[in-house]
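Going by the order they are written in, the chains are A, B, C and D; count residues from 1 in each one.
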Amino acid sequence: MHQKNILQGIIAYPITPFDRQERVNLSLFKLLVERLVLSGAHGLAPLGSTGVLPYLTDEEKEAVAEAAIQQVNRRVPVVVGVSNLTTERTIYHARFAEKAGADAVMVIPMSYWKLTEDEIFTHYSKVAESISIPIMAYNNPATGGIDMSAALLKKLLQIPNVTMIKESTGDVQRMHYLRRELGEAVAFYNGSNPLALCAFAAGAKGWCTAASNLAPDSVLELYNAVQANDLAAARAVFDRLFALLQFIVAKGLPRTIKAGLKIQGVESGYLRSPLQPLAEADYRQLESILLGVR
Amino acid sequence: MHQKNILQGIIAYPITPFDRQERVNLSLFKLLVERLVLSGAHGLAPLGSTGVLPYLTDEEKEAVAEAAIQQVNRRVPVVVGVSNLTTERTIYHARFAEKAGADAVMVIPMSYWKLTEDEIFTHYSKVAESISIPIMAYNNPATGGIDMSAALLKKLLQIPNVTMIKESTGDVQRMHYLRRELGEAVAFYNGSNPLALCAFAAGAKGWCTAASNLAPDSVLELYNAVQANDLAAARAVFDRLFALLQFIVAKGLPRTIKAGLKIQGVESGYLRSPLQPLAEADYRQLESILLGVR
Amino acid sequence: MHQKNILQGIIAYPITPFDRQERVNLSLFKLLVERLVLSGAHGLAPLGSTGVLPYLTDEEKEAVAEAAIQQVNRRVPVVVGVSNLTTERTIYHARFAEKAGADAVMVIPMSYWKLTEDEIFTHYSKVAESISIPIMAYNNPATGGIDMSAALLKKLLQIPNVTMIKESTGDVQRMHYLRRELGEAVAFYNGSNPLALCAFAAGAKGWCTAASNLAPDSVLELYNAVQANDLAAARAVFDRLFALLQFIVAKGLPRTIKAGLKIQGVESGYLRSPLQPLAEADYRQLESILLGVR
Amino acid sequence: MHQKNILQGIIAYPITPFDRQERVNLSLFKLLVERLVLSGAHGLAPLGSTGVLPYLTDEEKEAVAEAAIQQVNRRVPVVVGVSNLTTERTIYHARFAEKAGADAVMVIPMSYWKLTEDEIFTHYSKVAESISIPIMAYNNPATGGIDMSAALLKKLLQIPNVTMIKESTGDVQRMHYLRRELGEAVAFYNGSNPLALCAFAAGAKGWCTAASNLAPDSVLELYNAVQANDLAAARAVFDRLFALLQFIVAKGLPRTIKAGLKIQGVESGYLRSPLQPLAEADYRQLESILLGVR
């Protein structure tokens, strides 16, 4: 029997920092993870989009997963991203994550060739059979290239250890639909930053966000206000956060989180090409936005 | 000095019923208006999209506006739709509405040829100059064919008697943006039914909806829960309403409201061609959805 | 028995000019029609999108239709636009056009509320029954708001006097599909200016265009090259025309044709508000584009 | 000085076949390459989308590139796909391809995170500097996730050995624009199968297509008709091909080419998961379409 609610609240996404030669900087990565844990995040998700999973080699993915799990050291749950274009590699990384001590894995059906619904279902089934920890099915057409319908997401939940859904389409109607179709029991998580208030209003169990790197207190404050059923307070903190949430999505999470950390005096390393640092004007804009968040 | 908050809460949209010969049935229209007033709506909006404004002749528009204003008889504010492709006709109907006693007019920049931002601004300016009652600027690309940017909406508010904005794009980020840009004072209204919970969460002053024709109690309950800052209660009633809200948008408001009234035993007349009654299967689905709303 | 090929080649679209008080200027309209006939156009289409049909009153539409038919005086076929939101008004104008001597009418299913396929089919059927001249079914989601599927267009051709299709989606695959489904006999016309070369390559019988107002020789040259099976010559003249075709679509036909005529020293009157003249920079760009056409 | 027209005509895309254990089947791959060369293709492009490049390991990519180059043995030019998410890996594979004897490499700016125009330009510059053979810049938002503007494509051509552009957006206006902007000298290639006739009409130098696997004679016949300036003949053969071209794009090239080869009695191996064989109904439809192509 799988536990559905191993994750709740704020699931924070660390970046994967590189050194000047564009090699993964593991010790700096651990520091950034530690920062997120200390900031009060309820869960950690290494090797997500923010962590530039698809830009890493197999060996680097393994090293990053292990580093995150060791550093967190069971203080909060860790969900490791293991998505891959092929089923074989996804299984490989899912097994590795389980062995390394991950609490769950996150799988987005990455696509070069658009997958049919049958192919997606089979992909999840095979990955799920190969491990015994829960899977968070992640829907994000903007990065993954496939938009899983609400009906397909519902079908995926029939696979025993697919117990969580992360929705990042930014379509709030889908959240309402999922809630209605799946009932209170379903654990769905919002991955669309500018929709955080709406998603919580719609009943999301948690918010998967890189914003915790730059504004951890406000992010927690929003969640706590919703938990306290205080809509007015939630709206007030969300209004402060909104410009930041739009900006980090518009300009790309790895670039903006790295730049934001630098602005806040936190070492954040380098990006891996072809990704380049924020343009100067964007950097200035982010500085002014961060002042407004408090 | 214009009063910004003449409207707040639930602004209900009556349909315009026709007789078998497809002539406007004014006495039935008055009954349907009375029903909405008695149901507790905080405002009435005849000649909206629901009221098939663009399908009526000039004479019919005038008769419908007068009938609504007389029937409501100042019990709640009346906002009359006066949108037209040409500036001259829009001014004509705006003046008529003012003389007839409307509290405000609603103007959507209808387009056959996409209008430039300058053309839209000039259009609103000329209409605004010709009357002294407030204007609600209405953005709905799905019916009007033009999507006014948040920046343009903000600019329109510089026109003295453009004091209200009705947003129906279904883009909740625009609502957050408008709130942040325009501050607490701005009166913005949500016109996207499936976004009602989100829009209220985002701070909308009111909800412009045809759903009041079919589920007036739940619609009011949602608004009251938000006013009471009770997010959990708001979510509970919205979850009951959601299927209805999606259905009436997906199948078209005039068709679905007419069908829903019939299901509820309320006379609702005929549609004007080319609009036809709901297909049989859709009608059955609406019956079952209405049972679920309670 | 309806004649399918009453139209072939270049069907030219006149603008509807207004005087300074924004009243239709009929005598100037006749001059602009005469210019198109003398320029060699194979057919004339008054009251199209270029002729701002939806911005005219019923009386103006009648006057413009009569003026065009009288001026052309059977030298080439005249297709009169009679589209209207309601079925009743569409029938009214179709009958008027037939009585006035039109060779065919053009009908686009205008939408405020999206119509179902059944509603569209019934709309065309009722209009078709009310007249005995042929109908050109016109598909243009960008102005009409509805995109008729290839399957629906095929079905419309089952109505006896719906004998022609004008496709303006700019989707060349649909043209290939229509050709394959309907065979050589179908008379389909291209209404997407920047697709003129492709559409002729795909087998379009004609090109419905406002470009004849500004570059009649090049437009005819393109058609003649295609008729002569000379692809290289067709490509050469199309390359000269292309910037103009993109520009007039991007900036709107009524505005750009009026401006272009002025640039060429032809009186073209005024627009009806909310439409305004081209912005100064656009006007300069059009001047330079027109120099390059020929 | 780079030779711009090393490629002209039909550039054929082989699939990468797998064995039952989903390992690359190199000997079968060579046979499929040989078939394409013997069928008259003017160029070969291994490791394209059809060849499921992104689903292969680095070692597999190297083996496939070498196998193709050896088998073709200079009979026609070979363009090797070397696209990768990171700049470092793209350079690695580009260098490998050059050493292995490729005539050119093809690079699509793959994206997980949307790249800025500066990042794309820098990516191409660095890859170009690392090799001395020409680069074909490939634009295909449907698979790569980024849509390079015509202006950016034009800018890429300033890089000395970026000499060819493959356009697969299916936007024929962009082809006209590129031709007009870049002149007769630019070598642009069409990668959108259902646009093949239009693209040739617009002046494309070649057609990058997997259709050569299933209908090599018709594909060549289309090209030859265009070369002979015989539009009518080109249209006739394209009409025969059109259903096949739409189908292979709609259902995905690796799946459909594999199935089509099987239908034609050619061994085509297995797919790599998550890709699965065509569904039964699709397979039957492809059988019937192939009968119609002749």
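Basically, a contact is a pair of C-beta atoms (placed from the backbone, for glycine too) under 8 Å apart; a residue touches a chain by one contact, two chains touch by 3 or more.
Here the structure is a predicted model, which is why all the values come from computation and not from measurement.
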Problem set entry | Neighbouring chains common to chain B and chain C, by label | none
Problem set entry | Interface residue overlap between copies chain A and chain B, same or different (over half shared) | same
Problem set entry | Rounded Å distance, chain B centre to chain D centre (Cα mean) | 51
Exercise. Roughly how many whole angstrom separate the Cα centroids of chain C and chain D?
Worked result: 38
Problem set entry | chain D: positions in contact with at least two other chains | none
Exercise. Looking only at which chains touch which, which shape fits best: line, ring, star, complete or other?
Worked result: ring
Exercise. Got a list of which chains touch which?
Worked result: A-B, A-D, B-C, C-D
Problem set entry | Contacting residues of chain C [partner chain D, same complex] | 172-173, 176-177, 179-180, 194-195, 197-198, 201-203, 226, 229-232, 234-235, 238-239, 242-243, 246
For this session: Within their complex, state which residues of chain A touch chain D.
Result: 22, 49, 52-55, 85-88, 109, 112-116, 118-120, 122-123, 126, 143, 145, 252-255, 272-276, 279
